[in-house]
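Both of the next two complexes hold chain A, though its partner changes from chain B to chain C.
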Partner chain A sequence: MSAATQPMAPGAGTPAPADGSERARGDLLAVLEPIWQAIVPVILAIVASGILLAVIGRNPFDFYDAILHNGLLTDFGVQQSVTRMATLLLIAGGLIVAFRANLWNLGGDGQWLLAAAFVAGLAPSVVASLGDGLGLAVMIVVGCVVGALWTVVPAFLKAEYGVNEIISTLMMNFIGIALANILVKGPFLTDRPGVPRTDILDLDDRLPLLGNTQIHIGIVLAVAVMLALHYTMTRTPLGLRLRVLGANPRAALHLGLRPKRLTYIAFGASGALIGMSGAVSMLGDWGSFRADFNPAYGFLMVPLVFLARLNALGTIAFVGLFSVIQIGGDTATRQADLPTDFILVLVGLLLFFMTITEYVRIRRAQRSAYVPRGLGAGVKTAVGSPAPGAGAAREGPA
Partner chain B sequence: MSDLFTEPVLTALVAGAVLAMMPIMLAALGESISEQAGVLNVGLEGMMLFGAYAGFNGAYYLHSSWLGLLAGGIGGMLSSLVMVVLCVRMRLDQIVVGVALFLFAEGVTSLLHGAQFGSEYPRIDEIGEVKVPLLSKIPVVGESLFHTHPVVYLAVALVFAVRWMLKRTSLGLSLRAAGEAPAALDAAGVDVTRTRTLAVLACGMLAGIGGGYLSIIAAGTFTPLMTQGAGFIAIVLAMLARGKVLWVIALAFLFGVSLSISTALQLAGIDISTDVIQLLPYATVIVVLVAFARRSYLPSALALPYFRGER
Partner chain C sequence: MSITSDTTPAVELRGITKAYPGVVANDDIDLVVYGGEVHGLLGENGAGKSTLMSILSGMVQPDAGTILVNGDVERIDSPHAAFDLGIGTVYQHLTLVPTLTVLENLMLGSHELRLDVAGARARFAELAGMLGARIDPGALAGSLSLGELQQVEIVKALWRDTRVLILDEPTSMLTPQGVAELEAVMTRLKERGIAIVFITHKLHEAIEIGDRVSILRAGRRVGGIDPHELHAASPEAIRARIVETMFGEAAAQLAGVAELEVRVEQIEEAAPDRELAHEAALELVDLSVHGGAGEMGVHDVSLTAHRGEILGIAGVDGNGQRQLAEAICGQRTIARGDIRLAGRSVRKLGVPERQRRGVRYITDDRIHEGTVRDMTVSMNTVIKRIGQAPFWKRGAIREREIDAFAQELVDRYEIRTPDLRTNIGKLSGGNIQKVVLARELAFDPTLVVYNKPTYGLDVKTASFVRAQIREQADQGVTAILISTELDELLALCDRIAVMSGGRMTGIVDNGRDAHARVGELMLA
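And now, the complex of A and B:
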């Protein structure tokens, strides 16, 4: 018997470490999976656009080199990219709040432009009378309020009557764009000759710059907001409520949450962050709102936010990448004699490949066994090292 | 205000409205079919752009506006294949794919046009308008309705045909069931995927023809991003029409009027900012939504992929 069990022991012992390392590798893969999931579509999109470039007779390597060079590798380029990132991050944050609650706020551009128009129109006089610090802070708050107010109608229609928010936000989007132009050509119009625009905020009165760079503090604000957003969404009751509402509105109702109130909150917060972005962009980058100005950032952020799976931290990385592509792409497309809209091809392809990668992931998960991978490991660790609470309870009476 | 109701002003208004409403009407008709079948096609704008690009090229190289419109329809249908494969077959998120299709279409059509013509915008001169004798002499509406490309009549006839199809045929019943209760349709032995595929392809074709109309007949040329939100307006119109496609004609005409009213007002010597006028149709929709919101109704399975056996 002992002779039989004796060889068994090493036999049983050998697979154990292998099993352990395999599990470790599995855990590592599980950690890397979201990153892998995000990088694969990026690579595929770059390759596919490269092929398209080659087809129309441009050298894709030169093109991508120009993007990288002008967006990241020159002092001017990297500073511009970081500045652009501040604007885009805040929009992305605003979209995350709404999308987490499964509210399709597709009216970001209207909210952004209207807030920007109000801020640009009021800023020169407000900053002059209140001083730089207080004046700029007040203007950022004004941007938030305007952005939030522009979501009230869609939020009301959604909360009270269940009107599809895609229609209402798109309508409010077009109204917001037109209204911003009316404001700029009317009450906020500057006396100076030239293109219709608002008064220009003096360079000295704009958002303070970081050190010796041309980067204003908007980026600090944006990153702080994203970190706070990540904390709120993952670690606070409000974040949980919004996610429950987004995942299953009926469950939210049964849990005793108030979907109407949460809808208002999510829409309001979304609009406020997007409005803040408009304010930061006006106070830091432009200093003045030119009539018919519409960079359409809001729509471009929708795919990025999804690519990061509505995760605020992941969004920071993707928005950084996108800012480089946008700033570098501006110069690169001009050098390659292409329309600047080419960047949209890249973004569209990115989105397609992202959804396809997600599909492949789900299919693979469905093909694997019914038993979750962590289950066996969980039992072993529970036996090997009991939870501190359970251990204390057992030791207590002994 | 006395100049407002003179004949030239009203003629310009109706003519502009008919030109502007056709692309929106065709796209909204397509979107209605697709929405009735439960597929929310956010990429409509992209399909219109593909249609406009393909239609322009068809008309430019084949020297026929009819072949151009056909090419536009085929272009729109090909682009809707993306929706078919990703959303109907692979059941991916319709809104994400729709946004992707829109962005991709904006970029690709602008890129291809740039590669083809550089910064030139060649025009199509001969669009083949037909003048109906006698009727075209009617004041105000005669010139715009009876001295125009005959596809206008075909488009209006198409709206009635789609209405008949949705209401009176078993295909229409299947389409509506695919949007309302796909599981019931499946249980009745009709393939949900195939029904929805048909709906999306029809939507792509109609949006493509609408885009083709825009580039060939309304503008006479293709310019990048030329749809300027027409696709999104069409989505809203389809939602407001709630599957009652005759409403699409009326709503599209309303939008057409508000898009062309600025030219007419200029003729009348009234100076209102174009921004104000452009805002009016959207503001109207919002007011209508707030006032009649309780009546807004969408197919219950809209934008939801159908998984067999899922509860």
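And now, the complex of A and C:
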């Protein structure tokens, strides 16, 4: 073969633009894609659990009707779901901050329980002496501070010695849970007989309710926090710094971002939001911390925030759905004479299918190869313009 | 296409086409690879070399075209299938697990239930002997030098009965000695009848090492040179023809491409006796820096760089150059000594403060350190100015300002990106480097540390980068140019300091005998 130099247009052309409708349709698909991503696994999980229900002799339609009815369609159910959502959203927010910085705060349960124990133990006397408004505000701050303080040890170990925070936060969970129980059975123990618990906060002294409902203002706080979080993460310098640290710690060092300080900030903010959730739950829902109480919300939120791709707004939708299933499922399982754990099967299947869908999406994105119609007649027209995206193709499959 | 050999080609690609959204990476490419031959595959970044080889190694499926292995049409739908057909690939990036031993790494792909350690050891000895490599199979992969790691990668690619070996830019991370060793290895493999596809963007390597050269441009095979032609014509004539083929006739006349291969003869005019100011821009006083885990530190380095000077730092990779660069830019704390900028000590200042004083650092690891690959091109242009006006105002990002700034840089530096909002990780290496360069040279730098700025770049981008370094120096910006390519230093620098074993072994004024004296100092 001999050198055959074909005449070619010099290198700086641009690719033939795709025609308008083509592009519009592409954009629409791109916008709808995340919605499909969310709906497909829900349908699959519903179908799969339905089959499971049918196999064990329950009517799946009745069961789902009960979930929907008790979680969303009755006044009581929807109010309960929204109340639960407040607690879960704040935890999810806390996880997002840490995960964005690629810090695996898996100590959410310890932070949550410890904050809850402190708040429940102190609230009756503090609210009595400071009055409702100020007292409740102070107690929410106390929750934040306790949650944040419980992250100091893992943050220090991570920042100074690079100790794996997955291990350290998990270990801190055990200590936190035990400590919360010690507090409740010791200094914060109520004088009243019965199960060991803290003094009960009077119903009148709890978080104010919204209008005529049983929903306390925790949901307003939680949604406001999520919106602020979204803004912080996407628009502010701090959010960008945390994201850079998460995406590429070496680059963070190169850019002069002080990774140590950011590690403390991310951990602290994460713990504070989770602690706030504990405080809101105590001040709004329970009014008292019972010994050995552990709803383990922290771990439930981990897969949810990832499936929302650490997007605070997306998380609101996921957590809303999750709350309805949790609240509605509680009654539905009882009505269907199933253990309440069945609801975990449904949630587990949901997470399972979400993961599968995500996997398929990534595979498709990697494997997809097609000649866009704009390039239709071929291949030849596009070749004269080597530039834009040639690199993408080159690096893409590697 | 005339076939020069009677034997069946080891691999033949016919009409390979592969399109990605918005770009045709490979367009109707024919390529023939014979046993016992090195087939040099030459092309700019983004010309489609890697895509073509990904297709041959089963990583990517072509949209059209056929692949013949030993004359039979085959479907290579996975890397595994490629391996079964005797096609082994050494990727540009290392694939060994650093915490496993060499032998364990090689046995990772084993399908046996029990690992055959003795068999693996024997196979390793056989292949290492074939390559002429002396490597302890029990050593941890993480403890080997880059050259040794690459030899292990080659052993890994040859592990099964490999007849075709693909080397994807194997020289990009090697010292000149390492390249020579690799060349010897390739010669031995050739003698065994193994076909080698050698991907490179360095002209002289393709000509010197290759028996046959194919040139890709914009996804097409635009030319090739047969073995007999390669031997018949003079290297200069071949080089001229390849340049013309790679970049088009017009491009060959561009000033940038004319200095493609910087030769020592050109140095007289390339590095003129520029009138230098005598203001000291940067002074290092008895500087010592810790090297970090398993790396060479810096010991008692003293030097002065003047305003507008290009001061080269020569030396084999890994002799403390990176530590020196990081110390100057504030990324690494110094153990002893002092760093002065325009007479004022900056040893206590962090990266942002030094940046504000005009210090810039072009890191040698543009992909893992210099940029955040999952962020957009736009964002990567301002990532060193987070929170600063005009890109942030009252704590909120101003995307329009950022995009405008990025667009200006993209235009000025001719950065090829589909879009400002494309993630930078999707660009080719050369374009990523242009983004880094554009970002660092913006906003009035006074001192720029270039760490191997042309490493791994195609010739055109490399000469663009060199032109930028010179232009900046002409405007009074001081440059510290760290490079392992002596020719590059001789072409650009006013003076060249030599580092060896973390120490400064000497400093040479660039001139007629600089080449020899730098060489002596490197061995010192």
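One rule holds in what follows: the second predicted complex is superposed on the first by the 348 of 398 C-alpha atoms of A that agree within 3 Å, B and C clash if a C-alpha of one lies under 4 Å from a C-alpha of the other, contacts with A are read in each partner's own complex, and residues count from 1 in each chain.
Heads up, the rule we're going with is that contacts are C-beta pairs under 8 Å (C-beta built on N, C-alpha and C of every residue); 3 or more make two chains touch, one makes a residue touch a chain.
On a predicted model such as this, the values are computed, not experimentally measured, just so you know.
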Note to self: Contacts for A:334 in the overlay, against chain B (first) and chain C (second): which applies, first, second, both or neither?
What the structure shows: neither
Notebook entry, point to check: So, A:251: does it touch chain B (first), chain C (second), both, or neither?
Noted result: second
| field | Touching partner for A:261 - first (chain B), second (chain C), both, neither | value | neither
Next item on the list: Examine A:157 and indicate which partner it touches, taking first as chain B and second as chain C; both and neither are also allowed.
Entry: first
For this session: Report for A:241: first if it touches chain B alone, second if chain C alone, otherwise both or neither.
Result: second
May I ask you to decide whether A:182 touches chain B, chain C, both, or neither, giving the answer as first, second, both or neither?
first
Listed in rising order, the residues of chain B that touch chain A in the complex are 40, 42, 82, 86, 90, 92-93, 95-97, 99-108, 110-115, 224-225, 229, 232, 235-236, 239-240, 273, 275-276, 278-279, 282-283, 285-286, 289-290, 293-294, 296, 298
Contacts from chain A onto chain C in the complex sit at residues 1-6, 8, 10-12, 15, 234-237, 240-241, 243-244, 247-248, 250-251, 253-258, 367-372, 375, 379-380, 382-398
Per the touch rule above, chain C residues touching chain A in the complex are 1-2, 17-25, 27-28, 32, 45-51, 54, 59-61, 63, 91-93, 217-220, 222-226, 229, 241, 244-245, 247-248, 250-251, 330-331, 350-352, 355, 361, 363, 365, 368-375, 379, 383-384, 386-387, 392, 395-397, 414, 416-419, 422, 425-431
Chain B partner, complex, touching residues on chain A are 52, 56-57, 104, 153, 156-157, 160-164, 166-168, 170-172, 174-175, 178-179, 181-182, 185-186, 299-300, 302-303, 306, 338-339, 341-352, 354-356, 358-359
